[in-house]
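Per-chain numbering from 1; labels A, B, C and D assigned in written order.
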Amino acid sequence: MNATDFQAVLPLLVLAIGATVLMLQIAWVRNPGLTAALAALVMALSALSCRLAAEVAPTEVTPLLQADRYSLLFATLFGFAGAITALLSRDYVSLHGDEPEEFFLLLVLATMGASVLAYAIHVASLLLGLELLSVSLYALIAYPNKSILPLEAAAKYLVLSGAASATALFGFALLYAATGALGFTEIGQGLTVTTTGQSVLLPAAVMVFAGLAFKLSLVPFHLWTPDVYDGAPAPVTGFLASVAKGAVFVVLLRLFLDADLFRYRILVEITGLLAIFSMLAGNLLALLQTNIKRMLAYSSIAHMGYLMIVFMVSLSGDSQALAVEAASYYLIAYTATTIAAFGLLTLISTDASGRENVQLQQVSGLFWRQPLLACLMLVALLSLAGIPLTAGFIAKFYLVNAAVSGHNWILLFTLVIGSSIGIYYYLRVVYYMTRRPEEHRVEQKIISAWRGRILSGVLIATILLLGIAPQPLMHYLKAILH
Amino acid sequence: MTLAVLILLLLGGGLLAWLAERTHPNLPRWVALGVVGISLLFLLLTLPPEQLALATDPRHPGNWLAQLKIDWMPRFGIAFELAMDGLSLLLLVLTLLLGLVAITASWSEITFKPGLFQANLLWTLAGVCGVFLAMDLFLFFLFWEVMLIPMYLLIAIWGHENKSYAAMKFFIFTQASGLLMLLAIVVLAWQGSRVSGQLSFSYFDLLGLSLDPRVAWWTMLGFFLAFTVKLPAFPFHTWLPDAHTQAPTAGSVLLAGILLKTGAYGLLRFCIPLFPEASMEFAPIAMGLGVAGVIYGAVLAFAQSDFKRLVAYSSVSHMGFVLLGLYAWNQLALQGAVMQMVAHGVSTAALFMLAGALQHRLHTRDMGRMGGLWHQAPRMGACAMFFAVASLGLPGLGNFVAEFLVLLGLFAVHPWLAAIAAVGLITAAIYSLWMMQQAFQGTPDKQRTMPDFDGREMTAMAAMMIALLWLGLYPQPVLDLAQPVLDSLQALATPLDQAHSLVSKAAPAAGSGL
Amino acid sequence: MGGLQIPMEQVLALAGLLFSCGLLGLMLRRNIIFMLMSLEVMLNAAALAFVAAGAKWQQADGQIIFLLILSVAAAEVAVGLGLVLQIQRRFKTLDMDQARRLRG
Amino acid sequence: MAGIWLIPFFPLASAVLLLLSAGRMPRQLAAWLGAGSVGLSAICVASLVNDFLADGQVREVTLWTWMTVAEFTPRFAFYIDGLTVVMMSVITGVGFLIHLYSIEFMWDDESICRYFAYMNLFVGAMLLLVMADNLLLLYLGWEGVGVCSYLLVGFWYRDPANGKAARKAFVVTRVGDTAMALGLFLLFTELGTLDIQPLLAAANSTWQVGDTLPVLATALLLGGAVGKSAQLPLQVWLPDAMAGPTPVSALIHAATMVTAGVYLIARTSGLFLLAPPTMEAVAWIGLLTLLLAAFAALVQQDIKRILAYSTISQIGYMFLALGVGAFASGIFHLVTHAFFKALLFLAAGAVIHCLHHEHNIFRMGGLRKRLPVVFWSFLIGSAALAALPFTSGFYSKDAILLSASEVGGIGLWLWAGGLLGALLTGIYSFRLVFIVFFGQAHTEPDRQPGWKMSVALVVLCALALAGGLLALPLADVFPAARAHEASHAIEYISIGTPLLGLLLAYLMFLGRQINFDRAADSIAGRRVRGFLFSGWRFDQLYEVLWVRPYTTVAHWCRNEPVDRVYNAIVASSQWAHHKLAALQTGELRWYATSMVFGLVLLLAVMLRNAT
């Protein structure tokens, strides 16, 4: 490890040191505001430090971590996402927990896990990142100790996620047995020369994929998703839906790219199959949901399905670069939108009881009660639905371009069908929000969380910016990924 | 720049109208009226007359009155590219005029959040103007989709009893078909990049691509679906009666008067010129759908008891003529189709305004509960009569010129199809007169009192009447404006025709002299 | 390398067996404690497979991963037990079939 | 004459003014504006006629080009030849008299303004129809008069029956109009123009007599003509159209609009001459219609319905004339018919006006003394209708029968049929006279016709009597007819038949020497009477053939069958949603199991593909 290496992993170091500092600070004085600010600062710093790290990229720091533009891009994304989540949850956790400071510590750790995953090029780093992320999330989900639903959600997530990790690890073990390698690239090389167990190879890869597919809540590994999303505190759900999934997706894509698993057509076709399942089932499940959180959970299944299209696209070498670019844009747009949506949901739904069971009824007439919040929510929903002028549309446009260049017609048509179904449930929320005062009887007090509002506003502005003037980001992505 | 300013004017005007609500609840209407009026004046005044003369000269096809191109997403070869020719100008003027009508129609009807209402109205107009101007396919799609949202809100917030269903149906139909179009656009752009090595979404770059017939066919179908859903053509029309019926008056006016025309415009501007061969091949099916729409819409219009629903189905019937005209693909029919777009826009807008006025006064759209209204409201009755006979195609009014030209053009290509479509003239008479009978004739209800049209409403009505008369008696200016576009379309068809005739000459001569 | 020579395939088979046991436990047991134990078994099965593979390739990597998995499992179980306590307190049972408030 | 455009302009402008006044114009002003504008037109026409008779020059006036699309360049242009002049004179002349009459007839109506607006609109449209230099402008007038007819039949809109009659009139004629429109399409497609004179020239140079295309084209035009002129099989609307005010029936449904079909065929005679089969069809249609309507007229009880059927019958004669190539005779009959039928209608209107709107002839009677002016008018009209010698109808009908008799082959049949029709005409027209004006009075008139009515009646009486002496300037329009060289026998039979009819009517309805009551009251008699009364059950036939299927289909479809497809899609999505949501049991063990299933599934897919 030399100075360059340290510079390359600076974002991780910032997070690690920041976590330590946070711990000290909490031990020293308990002040949720301070902790939240500090945590946000740490994560934002980590994101910003990626610029420094970029100067030395690409660098391989030990066989475990690879600091290149790809990993740094996502480390930045996760850092900012974590920081915003911290700020968004500031008011929320104070309301729901007795000692909220550790929440932010856990958040920093989770972000660190995600960033490690962005860097990971080795089974060990993958394992560490994944578990750092997951274990922190268990605690984060269960954090509001006043109610039992988060508890149930955390328990379910823990057991199932643990099983999924075990499955993925078992798969890696088999791959290791077959190839003798743990680094992604080496595994790929090992696969070409291995003589033993071609028969074990693909099942092993399938197990790895299944384990990670669980984390991405692809159908048929999706059953946990709505329950956990529903039970978890809304800001955590946002984090879970965006960062946790994004990180796993990033590492999965890295694995496929580095180990060149695209050679195995059947494996890629399985990803395509799951993409189709997810697009259809996710949208269908969300169709008649009256609980907005669950609806968003199901829709996240669908979104992961859309995202999985890039694997099939990457089958043809020509389109691979575009596919990765599309996936990156999609992840960025999706992260911003999801966090914004859940952040707004937090603001809309918060009441003292703890369970934020966000039924459609509760947003009824929001447009007239809270015009600003409702407008922001409208933009977030439209972005999720992929309506033009939002980031979500450009993201989908990217995907369509990639898929067209790769001639993946079946996936494209599924995308169209899925999006069409999606319109219904997103618009239903809009419809409820615009119901006239005389048409509903809900009068809900909304806490005035100015931080949340400002942050949501910023996020929405980002979404619109990415939707209206996407060229800089496109340009950047093209530059770093080609 | 004129074009961008026009769209910005409408967008900004919407915002202004929204904000104006805080000052005074009546202010938004005036703001909206002013903004649309200014836009219209702006559009007409900034147009150099000598250029207008140029554009009407059919010897200069593709002569654009105004153009604007700003790079937007070079990554995909997407530019903010607007351009206006005679056809666009025609439709823009129609849009803005009907915008004025829509604002007038909503004058006293909307009491709930009038500012936001007018804002949505103006934003819809902006979106539609964008659709008529965009020359980048991506941009076109963007406007195409974006105009849905304010329209959706108009229906969902200010609509009638079943608004949520109607608004949702409208949105999903358009959106689902729109996504297919997006798919087709992207495919087309990538096909273009294969030829030129450069990804571009510009209309001008994609025009005249030589495509693999199968690709062209499917891509064309994507466009066609999106446009025929909007048009709407049988059997994709079922969103229309619901949306039109449930929308507030101004919404119905905009929907019927303008939004439907975006579909026709799309076919005319994009679907046919981009895929001439595939369109030619597809023409029989398209014309079949057109005829089916003409008859089916008319039969169902007759079956309705809801005033607005009747008018909505009559739109289905009339827009069937547009489809027929476009795919009959000769000068006469094409001019007829354009004419129908304009004339139907005006006549249906008027009928919807009338329906809205009736609903506002009687709190019902059920014609079973009307009857004899002529007695209470002779002016409304007279207006209704005028537009009813316009809609059944009375010569001397715009709709007749349109339908006659369409059928005349169609007859040269497919006499039998024209004969079947001509049945639509009879069925149109049946439902139009039935509507008059149920609403305005018959025994008046003595208890009912109902104010007649006031000056504001009469002004709008009179303007539309004059427009229809003008279109019916001296349609030449409209025809001239559309001529260059249609000439270029015709030019596309000619080589194909020759190819076809070569084929048919090779085959043993058959068929009658028809 | 002397000592006990066990063919890797057999160890892997054993690991697979263990893994399946864990899975079955997960599927069949209702008690959250048993579920956590089954989870532990699955993780250990993976760890065992790494050790066996490491042995085959004469590398220490397998054992390193083994250690990592152990610590990860410990962390999981630690959090898990924390949850168990809370679950017992609030649900008054450890039967996870009773915890079905979130569904639909 | 430069101001030809003024002729249709006056009534049109007056109509616009009346409409714009929205009913607020004083009664007096509205009435005189309405009638005066037509009067002005009539004066212009008179001056035009004067000029025309002096020089015999065809006049062409182009106002503006309607539109230019490719080669399609219809113009707003007038073509004035002898035929046009004749038609214009009838329209404005008879039209003015009827307007004058209307002032009195409609004085008490609250909507007099609307009435005159529609009437003027009609006159304007009718003038455009006959003056048009191209078929498209003709079509404009054609449809325009149709709409005015609709408006005026349904003028008293409060009674739904009137609305129904108006709709029926419009829709049935629209069927014909649509055929005519197709005819125009065909003509334009084949000949490249719709301007009538060039069209005829082109047709003559392109087509041979007996070609298929002219037959088809003329058949389609004939469709329009039978619709407008209430000939078989589209005659059903005219009797019902009597729901309108009586002057309307006089003007539109007797004198002018219903004869537009005759005008159309005469105008395009050059085309019809190329299509002998169509000509023959025209003759047969005329003959069948005239007999059918005459029989129906025999048993009607409503005074206006009798006249309506007689109108149908008389137009049948005109068609017969056209069909046998005697175009001039057809137009001649058109003119005389316009006189005497307008007269009859106006007289009938006067009866109705003076008799508290009574229509049933059996509740009238004995009016001879009570309404002398009306009686004499009616008598003269009936005499002309029955073609008693030296009335106008005599000359025209005689000419038609003669022409028919001269046609070889079918001519004899046509002649005999026409003769039978003349007999029947004599019977039903004098049946009317005898029942209404003779015998016992059933209803007392409460007023006498005023001077406006009387003037109109008297002038029309004069025309009906002397109209047969007019020499119409049609020589240049139609190919010269052969000189009549009929045998005296035919002449005598022609003269005698109406007289026989008169005699029979006298014996049956006044003298009661012949009594059909027993026969008529028998079951068969009643059936026959009912059959004839209903106009040969055409209404019922069309009800079964067209109306009911249409309404049934409409009823089936009213709830949008196409939506079922989309609803099925929605339902299946919802079904899928419920099935999938049912999997979300919230049970942790099931979730774990599902993951195992998923894993097994993936492995299975993999292995299946690997092997």
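Just so it is clear, a contact is a pair of C-beta atoms (placed from the backbone, for glycine too) under 8 Å apart; a residue touches a chain by one contact, two chains touch by 3 or more.
Predicted model, so just to flag it, every value in this text is computed and none were measured.
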Set A-B beside A-C; more C-beta pairs touch across A-C
Can you tell me which chain is nearest the middle of the complex, judged by mean CA position?
B
Distance-wise, how many Å sit between the C-alpha centres of subunit A and subunit B, to the nearest whole number?
43
Subunit A and subunit C, separation of their C-alpha mean positions in angstrom:
26
Please compute the C-alpha centroid of subunit B, do the same for subunit D, then give the distance between them in whole Å.
37
Rounded to a whole Å, what is the gap between the Cα centroids of subunit C and subunit D?
95
Subunit A residues counted as touching two or more neighbouring chains:
155-156, 159, 163, 167, 226-227
Multi-chain contacts only, two chains or more: what residues does subunit C have there?
23, 26, 35, 96, 99, 101-104
Multi-partner residues of subunit B (each touching 2 or more other chains):
none
A full list of chain pairs that touch reads A-B, A-C, A-D, B-D, C-D
Residue ranges of subunit C touching subunit A (in the complex, touch as defined):
8, 12, 15-16, 19, 22-23, 26, 32, 35-36, 39, 42-43, 45-47, 49-50, 52-54, 56-57, 59, 61-62, 64-65, 68-69, 72, 75-76, 79-80, 82-83, 86-87, 90-91, 96, 99, 101-104
Name, in rising order, each residue of subunit D that touches subunit C in their complex.
581, 584-589, 592-593, 596
Inside the complex, what are the residues of subunit D that reach subunit A?
573-574, 576-578, 580-581, 583-584, 586, 588, 590-592, 594-595, 597-599, 601-603, 605-607, 609-610
Given the complex with subunit B, which residues does subunit D contribute to the contact?
19, 22-23, 64-70, 72, 76, 114, 136, 139-140, 142-144, 147, 150-151, 154, 157-160, 163-164, 166-167, 170-171, 174-175, 177-178, 181-182, 184-186, 188-190, 212-213, 550-551, 553-555, 557-558, 560, 562-563, 565-566
The subunit B residues in contact with subunit D across the complex are 234-235, 237-238, 241, 296, 299-300, 302-304, 330-332, 335, 372, 374-375, 378-379, 382, 385, 389, 394-396, 400-401, 404-405, 407-408, 411-412, 415, 418-419, 422-423, 425-426, 429-430, 433-434, 437, 440-444, 473-476, 479, 512-514
